[in-house]
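As written, the chain order gives the labels A, B, C and D, with residue 1 at the start of each chain.
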């Protein structure tokens, strides 16, 4: 699941898309905080993974739904960002997520795939899988809308 | 925003609802990890707050959308749980969140309000405000569906 | 429910907003087809109503969920459109609707209220009530995102 | 798009699922009203189609978003219903739909595919395509949650 085909039907508009995405991900302090890693990246696709840790759980010991959503939102964001022009920034307008099964596992992988990349709006379909004992199980599905902020560097103002 | 009227049109089904909710929140390791606090609690209502910290930000220095969603999901969860019978557990079926404005602020407060409490399904409307300099600004709105798992203690199996 | 306060915290950007909205509604052939009527209109608010008819039902005799969604989508659209500049057009980006109770009633009223009106995106919160025997019951709630298409007349090309 | 593979990874629980679904569809007066037809049906899958007619349009002459949603909701409903036990009824809990491109075309086909079929809740992913001049274009995507009402005949009370 975290190894999508590198071939994709979307062509990046910025030849430097990959470095731009990897830099952006590295600057997400929250991803570092929870131990998230960029597991796969291709034009229009991105996978983000995290290992289960006690501090990421809710009261029943499962991965907190907010962490599942954060993983999926981040995968969706970089899948969309990979197709945006240089100098722009992605912003999540909204997302809807179905938490379909308890988030029980050793590692969680969110894989986002762009469904439609417009000039302004990008729609991303993202699935989250729980991995345990060599098995992978679909636990969540997200449908998200992102907007491309042109002439907005994807970094904090200095 | 984090001080909803204590009067509410919903009557709890478990006289011990408040202790049950406070205990459940205290056992959410992820809330402790990000510094979330239970800011208000009433039958059918719950507010959860967090102060901005660098480790909760995305690449532009705003609160990560996944943290905004986690706050709102948690507020929705305890608003719903406050009305559920003893011995049950709430489970988020799905939620949809609109991130309406950049999450810029010193403190963020998600306030959930039950819209409909059925025997099985509960619908919660949640708003997230960013507070800065004594001002509060609406930054996100969530509409969530939760399910009541009867005879499912709201804690990890031992 | 279909008589929102005429006072509103949003100021229209087009002095001719009301005529523009009423004309737009009158040109919605689908609303005429199902018997939808513009029940209330104010800056940032709109209510659309329909009477139950056999041809609008699903197999159990309730209002079809797609009709409930169409009413809510239309109310949201005109609530948003009332605040848009002259010469523009509203387009629904996405919506999420919770069908909270069976759509049983004599008349159904969807009331949309703008939550945030940005230059580009407008977020609308819409509730649908079923009326029967002088009583009104909340049956659905929608959270929608609309985009303002500038310089796009809100009519079919000729 | 309206000819999904008949092979499916879901096994129906009711041997009489197909007749039950076709009967249920035939009793949807609203589908008859708009001219909707059951274009394909398999365990866990359903396609519903409609031809463009002036009375189904909004003010710009495109298919009304509420009709697009109704098609998708109906396809999702019968995809879910095909896997439900005898004597039960499907009820849409909620859905979220992204209207990704203007609904311009001669015929519209919504194809629903069950993502997860639980005992109680079923999650369905549905895509809507616009067909024109032998071409098919994806115009909408829906993610829906349905609930199985056991011991609830899928017909109006007599």
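General observations
Convention: a contact is a pair of C-beta atoms (placed from the backbone, for glycine too) under 8 Å apart; a residue touches a chain by one contact, two chains touch by 3 or more.
Note that the coordinates shown come from a computational prediction; the quantities given were computed from them, not determined experimentally.
Simply put, of A-B and B-C, more C-beta pairs touch at A-B. In this assembly, B is the chain whose CA centroid lies farthest from the centroid of chain D.
Separation between the centroids of chain B and chain D, computed from CA atoms only, is 33 Å. Put simply, the C-alpha centre of chain A and that of chain B have 23 angstrom between them.
Between the CA-based centres of chain B and chain C the separation comes to 29 Å, rounded to the whole angstrom. In chain B, 93-94, 96, 98, 145 are the positions where the chain touches two or more neighbouring chains simultaneously. Residues of chain A touching chain D in their complex: 96, 98, 100-101, 115-116, 118, 123, 125, 138, 141, 143, 145. If you check the complex, the residues on chain C that touch chain D are 24-25, 27-30, 32-33, 54-61, 64-67, 69-71, 73-74, 77, 89, 91-99, 102, 154-157.
Taken in their complex, chain C has these residues touching chain A: 93-94, 96, 120-121, 145, 147.
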